[in-house]
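Structure first, commentary second.
Chain naming follows the written order as A, B, C, D and E, and within any one chain the residues start at number 1.
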């Protein structure tokens, strides 16, 4: 299991990639030891945007702290908020009304679609194709508009509140989601034409950044990155929350373990998310969108843990309550942090260009890692 | 126009570039500070010297290139006269390419074209 | 009929009649230099504008549209910005090489213009080894790139420069071999002869399969030689930020940028000359009616039209494809392009000897 | 294995282990095990290797500052049996030390580094115990401890 | 021979995949006018309409009589996670001569606000709402600190202070 210790010798070139680098998608700092073009070792240095959200949350009430989590993994802010709301509900033992549950799942899946679209564009940009980025944004923009109409913001929603959602869906919501689905169904084939089937792209990703199933589990990887290695880890399937157990969808698992497998997992996941949205969009039950909760929330003394599947993997929220209005300690188990830790293992012996592709398929969001 | 035009073009290039750089220099006001002169490495001070011998995997390609490029130069005069000479040229080039190809295959078998 | 040839001849004659030969030649040099600089500036402005527009179209954007009508003065505004920018030199740089490199690249880009035939009879120097001259001189620019990368004292630059070196030397082979496929058919290295040989049809139509393959390989190879995407490994921005010109700023960067675009123009002009008949209008064998109509279009329009079409194709590549990796790039050359172009040359030879072409 | 079965098995192996109830006590709730810091490494090895446990997925590692003492919390899941366990270990606040499990679960390497800089917990035999998130010069200052004060970087509203 | 066949097949497949991609971008280049996805922002300012739920900034609703519904209960201040609302209260005399708590200055720090909508949710009298403005850039950070109640404004008749808890 242990990797051989890398000895840095005279011939090695040590290069800093990041914090200001186009391919690190944020302020990640990697110190790379190179032997010619081959990567010998990658050493991440984090913390450039560490805001200590966990510490911050210790002084915020249970209603307030949810908004900070939108800023963690900003591409799946709905899902982050969802996880926190669920954890608080667990402590309060509040039953979420069915309408709110369906709205939550709808929002989660739309967020996942939007996040995967951005990932697709960004990955294509990492491997050098610039046009896909704009095509991805065309579709993402439609989702953002839908979000804007219902939630009020485009990126950091803060739409989930303990007990349900903040507001009912907008009257246009269903119509616009239908429009989006019709549009995206046509356009997802273009994604394949432009990138998936492209011989250059396939050469850039097939057999690159291999990680075995055992290693992926050992590194604590989760989400599409782990499912590309054949790990069954979709929280939506394993520990269903909200209405996921009533839905028809497949957990996408690829056995390749390389960049292309991780790529295909996400591409297929987009189709699954679309089918989930399709199943739910016309079947939103009537009723309240929010359960009645007290004005001031107080969690009983104890420990609460909730986990959801974000676009990047398993997000866990661990609240330790001492019975007050603020959490005593909050821990966010972020998917990006564990996925990043496997980067060194995956990049060894690959080229610099491969490292960029591997980082792209890991789909790192730096605020999620730094928190 | 003869070969002299090359001199004219060279001078034109130098004048053009020189004037452009000079104009830029005259217009801008240079300021200096310590960070400004650092080589760009994503905002982090660079570690170790940049002028090091390092293992580029492509020097073998460079060697191969040298061989092939010399052959290519031989091919140019041959190409001009192919039509006049006819079949003899064809046979000649077949022999030439056979040797070249054998060398190429040898290099391939030896793994010279494999990235290390 | 109006043509550039007449004007050039008239100016030439007038100069030699009015002044003594030395002075006349000097004046001619000045005119050539001024024209070349003018062409450079125009190409820079047009090609960069074109690149931005083409990329915008493919990405469903509008592209520059604020400065001037349809944004045509955008490049000028950018140039102005680059002039105002301070040209910095890193502290640890090899100052001499660092400053020489952009000059060298520019000189190479300028000198290869000499044998190009821009229109009927409009050529600076009809050298009898024209094609050879272009291939030989254009490969000097790699030295400029290597110089720039080495002198910057920056690791990204160094890696970029080394990649660029490996890439340019490799792709020169297949570019050369695909050029040879046409040379075999024409039997001359002189650009004017090559164009003349296409009077009854361009080689792309006359030459059957070998010329088509040669054309495709030529386009791929020159895309690589000019460091354009998908072969832009020397400046792969997602890996090496800006590659060999990371440390260049202001006007020196602009010169690299300009030289890159002029190089694209030159190789595309060469491609147009070899495969698409240069300034030769579209002629179909003996169909005189059709040929006459085509002749009315000035030759300079034909030349630039074909060249810009090829430039568009190269831009099309850039905005469609992902970038190759350095070892894949070399494998593409050594495992695919080189063997194919060698066999292709043999085919072309066969056709030339058997006179199978039209 | 269910919670009760796990409890019995672990008591067999480590009679000193304590169990606490709290938080989620429903059937899906997890077993909370309280152990001595010195017993952690042998327990971890057992949990990973014994086929009936097979806890191969360490998904959450964190420290908690209880003002009187620190504690480490490990959340483990088995990807085969799908049972989950929470291991807690009390540490001395002045000299917190615990064995590293980075060689058992690779993910622990990064998570332990985070706990090291945030809580000052020393992980013995950790392969590379350096600051990961905090910049240089923050050694010894532990931001996530309750008594941490930083007049520059902390804003009290 | 199978080697040659594979080789040609490989090349053919590669060329085909590249041509598919080029066809797509080529098509886009031809019909970019119809499908353009970017907005010409300052030009479409007049037609640009943001959804009514869009969170731009917090405003205090004033009616035509310069009256608002804020009772100064500070529920929003308590609900705000970043402390971007500060309410300074005063005591007004009602016509009956009773003292009544009222808002003196409603200070809103736009520079601290994260548009989380919690204050709007918390307000018992619906006195504040989110406005759809989004161009907040100013040259001085202090300009982002706003006083929301207009000069001379007073609480609307009939707005009872509800217990916020």
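The criterion applied here is as follows: a residue touches a chain if its C-beta (ideal position, glycine included) is under 8 Å from a C-beta of that chain, and two chains touch if they have at least 3 such contacts.
Note that the coordinates shown come from a computational prediction; the quantities given were computed from them, not determined experimentally.
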{"item": "Fewest touching-chain hops separating chain A from chain C", "value": "1"}
{"item": "Top-ranked pair of chains - ranking by C-beta pairs in contact", "value": "B-C"}
{"item": "Where chain D and chain E are represented by their mean Cα positions, the distance between them in whole Å", "value": "41"}
{"item": "Whole-Å separation of chain centres (CA-atom averages), chain A against chain D", "value": "24"}
{"item": "Separation of mean Cα positions, chain E and chain C [Å, integer]", "value": "51"}
{"item": "Euclidean distance of C-alpha centroids - chain B vs chain E, Å", "value": "55"}
{"item": "For chain B, residues that touch 2 or more chains besides their own", "value": "41-42, 46, 56-57"}
{"item": "Contacts with 2+ other chains: residues of chain D", "value": "157"}
{"item": "Shared interface positions of chain A, touching two or more other chains", "value": "13, 15, 21, 37, 131, 134, 138, 194-195, 198, 200"}
{"item": "Pairs of chains in contact (touch as defined earlier), listed by label", "value": "A-B, A-C, A-D, A-E, B-C, C-E"}
{"item": "Contacting residues of chain B [partner chain A, same complex]", "value": "41-44, 46-48, 52-57"}
{"item": "Residues of chain C defined as touching chain E within the complex", "value": "54, 56-62, 65, 316-317, 319-321, 336, 340"}
{"item": "For the chain A and chain D complex, residues of the former touching the latter", "value": "1-2, 44-47, 50, 52, 54-55, 59, 90, 214-215, 217-222, 231-233, 238-239, 301-305, 314, 316, 318, 320, 329, 331, 333, 337-338, 340-342, 345, 370"}
{"item": "Residue numbers on chain C that touch chain B, as the complex places them", "value": "25, 28-30, 32-34, 36-37, 40, 82-92, 102-103, 106-107, 109-111, 113-114, 124-125, 127, 129, 132, 150, 152-156, 158, 162-163, 165-166, 169-170, 172-173, 176-177, 180, 183-185, 187-189, 241, 246-247, 250-252, 254-255, 326-327, 330-331, 334-335, 338-339, 342, 345-346, 349-350, 352-353"}
{"item": "Chain D residues within the chain A interface of the complex", "value": "22-24, 28, 30, 32, 56-60, 62, 64-65, 73, 75, 79, 82, 103, 105-107, 109-111, 114, 132-135, 143-144, 157"}
